[in-house]
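As structure tokens, here come the structures.
In the two assemblies presented below, chain A is common to both, partnered first by chain B and then by chain C.
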Partner chain A sequence: MYVVVGWLDEFLWGALVVLQIFMVGMTMAVIWGLLGAAAKLSKIPVFSVLASVYTTVFRAVPELLVLLIFYFGSAITLTAIAKLINPDIQFVDIPPFWAGSFAISLIIGAYAAETFRGAFQGVDPGQIKAARSLGMSATHTFFYVRLPQMWRLALPGFGNHMLSMMKDTALISVIGVEEILYTAEIATSITMQPFTMYMVVAIIYLVFTTVIMAIIQVLEKTANRHLESV
Partner chain B sequence: MIETKSTPIIQLQKVDKFFGEFQALKNVNLEVHKGQKVVVCGPSGSGKSTMIHCINRLEKHDNGRIVVAGIELNDSLKNIDAVRSEIGMVFQQFNLFPHLKVIDNLMLAPRLVRKVKKAEARKIAMTYLERVHIPEQAEKYPIQLSGGQQQRVAIARALCMNPEIMLFDEPTSALDPEMISEVLDVMVELAKEGMTMICVTHEMGFARSVADLMVFMDEGEIVESAVPDDFFANPKSERTKLFLSQILSH
Partner chain C sequence: MEFDFALIVESVPKMATGIGITLQLLVLATIIGTALAVCTVLMRISKIPLLSWPAMVYIYIFRGTPMLVQIFLIYYGLSQFQAVRDSFFWIALRDPFWCAIIAFSVNVGAYTAEILRGGIQGVDEGQLRAATALGLSKSQRFIHITTPIAIRLALPAFGNETVSLLKSTALASTITMFDITGVARTIMAQTFAPYEIFISAAIVYLFIAWFIQIGVALAERRFSRHMQR
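Then we have the complex of A and B:
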């Protein structure tokens, strides 16, 4: 195991990158999820059709493929455009960190859209009637009545999306982001100890996912506290 | 029945309502004056709930006119929320907000809609909780209360908006038998204070003691409306007779 010690710094930095991708990706995924859910529930056909196309495509195509297509697709497009302006340019890409975070946020967002839609529809219509009958506006009803109750319904699914997001960060090593899996590959090529290095990566992921699960548990307890009798 | 020449506070004229092909209300005409108590009964699916849902526009009627407190309910109505805040509604399933404590259930609408200050809203809420006889439950969540207590909280929540009119949609139908009277008692008290009320209910004892007008509905129509004495003693329509014999026989 002592060989790991020499790579500790790299692994720590890699772990930090994983956290960054997770934070950025999760934030974007929530936005896609909410937009997707709103569009799916929209009475305007264009929105609901677009949202269905989005959730179908991004849940159907393997995640690694989405990432590769998005990264190389955007790089080819950007390069072509750049060449129009300056023919000497060889290659332009979106920084892999951002391209990767964006691509996996679109995937998790597609799943989250379904979770949010279900949670939205899961709130008892009587709740909305009661709020409206008291003269509350649609906006007030959404923020004070529907959203707090949606949250509780969305949490179990959303917890799974957080775990998927965390694990999907490992995919981003293939486009050259220096996170922990990438570090392990480099370390393996030098030390010739793949098992040790990949076990380190596994343990780091296990720590992260355990923390996420603990957070979800606390959130669920908070969200359900009004349902505990006495 | 209170005879009055003033304009009715609620007026329904030739109201039709469709759910797809199904006609839920057929040519419904009803006038309710300020302070009147109307009890609506009829078999399930007869349009009773639909009618009172139309009065605060939780459902939109398709034909005819509905005028509440001088305001006609139609698509050009700018502020339906203002009209709704004058009409309290109590639901069969209580529909308390489960994520809020009892006191917060009561304070929410006055604060958001009426912009009442927090301390003032709390004072109003406590006043009405005392009126429904459960001030000690203020800090509990709805699920910790019995059905009868929840329904009384729901009545108090509606009263906190200081409405002109109260609509009751089968307020005791979801309650265990031993809890019905505590809710009806509160409704009787409210009636005695002069509140304008429309109650959809099959509690005929309550109807006899408070109603100024009995309305019987069947298949989306108002079949018969009369003062309680006439309604119970001499129902004119065969359908009313049959219905009354069914619900009063046990």
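Then we have the complex of A and C:
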């Protein structure tokens, strides 16, 4: 096992990259999820149809394929545009970190949209009517009544999406982001100990997912604290 | 840059060989994984700690790590040990197909076990008490009352799980398998037309997912036929 010690700093940096992808991806996923849910609940047919297409496609196509489409697709599009401006340019791409985080956030966002939609519908209509009758504007009602109550109902599903997001970060090594799985591949090619190196990766992920599970528990407890009998 | 429709028409038949591999992975892993899940859930709901603990640890580990890491651990990792390479199992473990099957099956086992547990817990207690009152033994209750109701309750989640397995089979392309994604990546390397190739592959996956959903909907109808009038 002592061979791992020499690679610890690389694994640590890789773990930081994983956390960055997770944070960036999760933030974007919440935005896609809220927009998707709003569009699904919209009374304008164009929006609700578009949102249905989005959630259906991104929940049925393999994550790996979405990642490849976004990375290589953006590269070929950008290269074509760059060639129009300067014909000497050979290859331009979005940094794989951003292409990868964006692609994964769209997938998790599609799942989140369904969760948020269900949660919005689960908020008691009486609450909304009460808020309106108290003279709160539609915007106020949304931010002070609907959104906080929606969060509580969405939490169990949202927790699962956070776990999926964490595990999907492993895919980004395929397009060459230097995270822990990539580190393990490099380390294997030098030490010839694939099992040890991939085991380190598995343990790091298990730590991350365990922490996320603990966070979800705390959040759920906080969100439901008004239900506990004093 | 223009969108080459002819290339899509040309590459979809090439992906046909990949569809075979993808479906083999999907069906075999579902069968083996479901069998594993049934054993796991029986251990998990047992009151004997020696049975329930290993099941909990198994579920925790496989649900807590990315499948890609597990696949690499099995396919690349196990060859590190001379004992594994000398053993009888090496015939399977050096073949990417069987490594993928192993990785997918143990995952399906862990996830489906939790789905089945949810189904078993969802069975109405009144039904079980009624069965006891009618004189059914413990094992009779489990086989004739709990199991059919639990299956019906677990079916929608099981359908989602099967679609998510379909998506996971794309990971087999990272260990040199030529499933739909693997074939697409090969054609992509020759033509460098990512949109056309990968979108055709995505459409193939959409169709398979659609068939799975129809299948699950039919099964749900069958299992709840007593509620339709």
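Definition applied: the second predicted complex is superposed on the first by the 230 of 230 C-alpha atoms of A that agree within 3 Å, B and C clash if a C-alpha of one lies under 4 Å from a C-alpha of the other, contacts with A are read in each partner's own complex, and residues count from 1 in each chain.
The rule we apply is simple: contacts are C-beta pairs under 8 Å (C-beta built on N, C-alpha and C of every residue); 3 or more make two chains touch, one makes a residue touch a chain.
As the structure is a prediction and not an experimental result, all values here were calculated from the model.
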{"item": "First, second, both or neither for A:Phe195, with chain B first and chain C second", "value": "second"}
{"item": "Chain A residues touched by each partner, larger count belonging to chain B or chain C", "value": "C"}
{"item": "Which superposed partner A:Thr209 touches (first chain B, second chain C, both, neither)", "value": "second"}
{"item": "Which superposed partner A:Leu155 touches (first chain B, second chain C, both, neither)", "value": "neither"}
{"item": "Which of chain B and chain C A:Val18 touches, first, second, both or neither", "value": "neither"}
{"item": "First (chain B), second (chain C), both or neither touched by A:Pro62", "value": "second"}
{"item": "Of all residues in chain B, those that touch chain A in their complex", "value": "56, 58, 81-89, 91, 93, 95-101, 108-109, 112-113, 141-144, 154, 157-158, 161"}
{"item": "Chain A-touching residues of chain C, taken from the complex the two chains share", "value": "1, 61, 63-70, 72-73, 76-81, 163, 166-171, 173-174, 181, 184-185, 188, 192-195, 198-199, 201-202, 205-206, 209-210"}
{"item": "Sites on chain A touched by chain C in the complex", "value": "56-57, 59-66, 68-69, 72-73, 75-77, 80, 163, 167-171, 173-174, 181, 184, 188, 192-196, 198-199, 201-202, 205-206, 209-210"}
{"item": "Residue ranges of chain A in contact with chain B within the complex", "value": "124, 126-127, 129-137, 140, 144-145, 148-149, 152, 226-227, 229-230"}
